[in-house]
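Next come two complexes built around chain A: one with chain B, the other with chain C.
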Partner chain A sequence: MTVLAFDTATPATAVALCRSGEPPLEARDDPAPGRRPGHATRLLPLAVDLLRRAGIGWADLERIAVGTGPGTFTGLRVGIATARALARARGIPLTGVSTLHSLALGGLAAEAASQPFDAILAVLDARRREVFVAGWRPSALERGGEPFLSARALRPEALAEQVVELGLSPVLVGNGAVEFRSVLERSEALIPEGGSPLHQVSAIHHCRLVRALPGGDPADIHPEYLRLPDAEIARRSARP
Partner chain B sequence: MRCRQETDDPRETEALGARLARALAPGDVVLVAGELGAGKTTFVRGACRALGVSVPVTSPTFTIGQRYPTGGPLAVSHLDLFRVADLAAEEPDLLGDYLRADTIAFVEWPDGEAEIAAFARIAARVRIEHAGGNRRIVEIE
Partner chain C sequence: MILALETSCDDTCAAVVSTDGEIRSNVISSQGVHDRYGGVVPEIASRHHLELIGAVLDDALARAGASLEQDIELVAATRGPGLVAALLVGFATAKGLAAAHELPFAPVDHLHGHVAASFLAPRPFEPPFLSLIASGGHTLLARVGDRGPDFDAIAQTLDDAAGEAFDKGARLLGLGYPGGAALERLARDGDPLAFEFPTGERRAGLDFSFAGLKTALLYRVRELGEAEAERRRADLAASYQRAIVEALSIRVKRALLETGLGRLAIGGGVAANGPLRERLGTLEVELDVPPRELCTDNAAMIASAARYVDALSYPDYLDLDVYASGEQVLSAR
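Here is the complex of A and B:
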């Protein structure tokens, strides 16, 4: 199956093109520290670049996969709107992939690390001094299995406490693990060094998950913001 | 316009918004802060009516921003940045569509003044606080 996958939930614009029997191709834009994301201007040029490198066209794509977050508001809207448009225009299915799930799957490569681990936690910087996190057992990751720690936004201190309470020896990957390393390492967590590619969201792992996840109607794929809008919070708190 | 005033009900909060609106010019942005239910949207609605907006004015909580026509060359933008945790991490164009030279803008939950100031002149900061029941303290500076 020929899959174009991309993720714009983090400041990076990550794109991959995967074909049966061929090594996956990747193109990405990682803004330098202090620079703003370039999702709107970089996403489609990077996709076109990959198609050109593979010597194929839009008509050859059989599936689109897109990261559904959690992540930044504009990033998710740019990614999901683009994915829906491409899938609809080509008449092919769209698969939504949790950005945390893809990140955790990439973390499996930490197996080469010296320290054994029993869980992988994907940790993204959610700003406001919070992280987005979800956790998987290594055996569940590749099967597209459910996380044992479902996606949530919380303070890094609270995450460190949960790791201790659950008795985990996890690997933590993602920009949130790097940002809050000093807090998170109070638990038994192993965090690869800051420059490790394990902390990057890579759309190649979205492609790997497409095998285990269904493709469907583009209109059914929605962003996962994890944080509620203010009107929704007000409505819920007004309930008797 | 600087003031600190207590309002007795939403109508008075709207009237205060209308008073501020008369002092604004295209390219201006007003930052409107206050807790959930403080009356930020009520204040903005009053300002919008004074600027000639006749369509419904509700909080753009799900869409981040709205542009209202006024029947003239001026447009009014209304943003709610509650869901945007950090403006510096977002696409710059998020604000560019709303904060323009031909527009007067109102921003609820205005975290990230530096990013906002890159697009428009911050003409006023409004802070609205609960003062019991329908009463509010509105501070404009």
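Here is the complex of A and C:
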């Protein structure tokens, strides 16, 4: 199966092209700190680069896969709007992949690490001193299995407490793990060093998950915001 | 045929228009969720756009009896000005649709879209003319020399947009959001000469200003007291509406004189206002008043404008971004 996968839930624009029997191709844009994400301007050019490198065209794609977050709201919408449009225009199925799931799957490569672990937690910076997090047992990850810790937004302190309460020795990956390292390392968590690619969302892992996930109608794929809009939070708290 | 998407504010729009300006379909989904927040909330509008755009697009193609693969020669979308997060939903969708079939793509300025509503069949209104575009987001006078995007913006608002003045007045009078249509309805039972509100007649120049008007209504309501203001709500609405209409028409008249143009076209949500249409009808010029659904935000006008911009061929448009402000138009002054 020929899959074009991408993710725009974090500041990165991550794109991959995966074909059966061929090594996956990846292209990405990681904006320097403080620079605006390039989702709107880089996503399609990166996808076209990969098609060229593979020597194929849009008509050869059999599946689109897109990261559904959680992550930055605008980034998610650019990714999902683009994915739906491509899948609809080509008449091919679209698969939604949890960005946290893909990140955690990539974290399995930490196996080479010095100490053993019994869980992988994907931790993304959710701003406002919160993280988006979900956790998997390593055995469940490959099979596209369900997380034992479902996706949620938490203060890093609360996450550290949960890790202790659950008696876990996890690996934590993602930009949220790096950002809040000092708080999160109070638990038994292992966090790879800051520059490690384990912290990057890579669409290659989306491709791996696509094999375990169904493809369907583009209209059925929705972003996982996990948070209400500010105006709605304000409105609800203003009501008596 | 041209497929166009428009998502610059809170209406999710798709349309199919033939290259000679015939509307094959013009689908508008008004979100109607913003009244509880007292205004359009960008994040909420953007979430709704993403939920609605697919169905709106399918509907536009189905009603036109058109298929993307066989009938669409050009894809267009509003690039700005507008709410960035909202614009991105339509823009990313349109770029994706065009890319997948390697079609050319036309990025359209929203204000050019409003002007280009006048170029649609069956009665295209030919430039040169003066264009008044008035809505909740913009208030603008432009000298339109041809059908292209390089029209000359000669006046703008210094503070609120005309539609904002309607909405803010409506809120002071206890009407919901958006308040323009509700205020117009209430004003039907009122006396437009009951109260005097500023029209900016004595202020020179072509630029608009509505902030003082809104403040004047606020003071008048306070002076009257709650009970009396309630009793005279219709008079207040009618007088306030008259002031907005006069403020607009005074400057339209000046601009016609200054430019020597004898033709006028109007667009934008405020151009759907009955008394404004009547008032401008009394000016001794040739007037183009598009149907209401082509005055308020819609994608048929974006498709119309797309016919007169330089479309980019695949893949030259893939890295285009949207823009929030109208600087690109106003810098033409």
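Here is the rule we use: the second predicted complex is superposed on the first by the 229 of 240 C-alpha atoms of A that agree within 3 Å, B and C clash if a C-alpha of one lies under 4 Å from a C-alpha of the other, contacts with A are read in each partner's own complex, and residues count from 1 in each chain.
Operating definition for what follows: a residue touches a chain if its C-beta (ideal position, glycine included) is under 8 Å from a C-beta of that chain, and two chains touch if they have at least 3 such contacts.
Every value quoted in this text rests on a predicted model; they were computed, and no experiment measured them.
In the superposition on chain A, contact of A:R127 is made with chain B only, not with chain C.
In the superposition on chain A, contact of A:V48 is made with chain C only, not with chain B. In the superposition on chain A, contact is made by A:A40 with both chain B and chain C. Using the contact criterion defined above for the overlaid structures, shared-chain residue A:P223 touches chain C, although it does not reach chain B. Using the contact criterion defined above for the overlaid structures, shared-chain residue A:V78 touches chain B and also reaches chain C. In the superposition on chain A, A:E232 makes contact with both chain B and chain C.
Of the two partner chains placed by superposition, only chain C is touched by A:R88; chain B is not. Contact with neither chain B nor chain C is seen for A:G96 once the two complexes are overlaid on the shared chain.
After superposition on the shared chain, chain A has more residues touched by C, the comparison being chain B against chain C. Residues common to the contacts of chain A with chain B and with chain C across the two structures: 40, 73-74, 78, 225, 229-232. Looking at the complex, you find that chain A touches chain C at residues 40-45, 47-48, 58, 73-74, 77-78, 80-86, 88-90, 218-219, 222-223, 225, 229-232, 235. Residues of chain B that touch chain A in their complex: 36-37, 59, 61-62, 64, 80, 82-86, 88-94, 109. Chain A meets chain B in the complex at residues 11, 36-40, 72-75, 78, 126-128, 130, 225, 227, 229-234, 237. Within the complex, the chain C residues that touch chain A are 36-37, 41, 43-44, 46-47, 49-51, 53-55, 57, 68, 84-85, 88-89, 91-97, 99-102, 315, 318-322.
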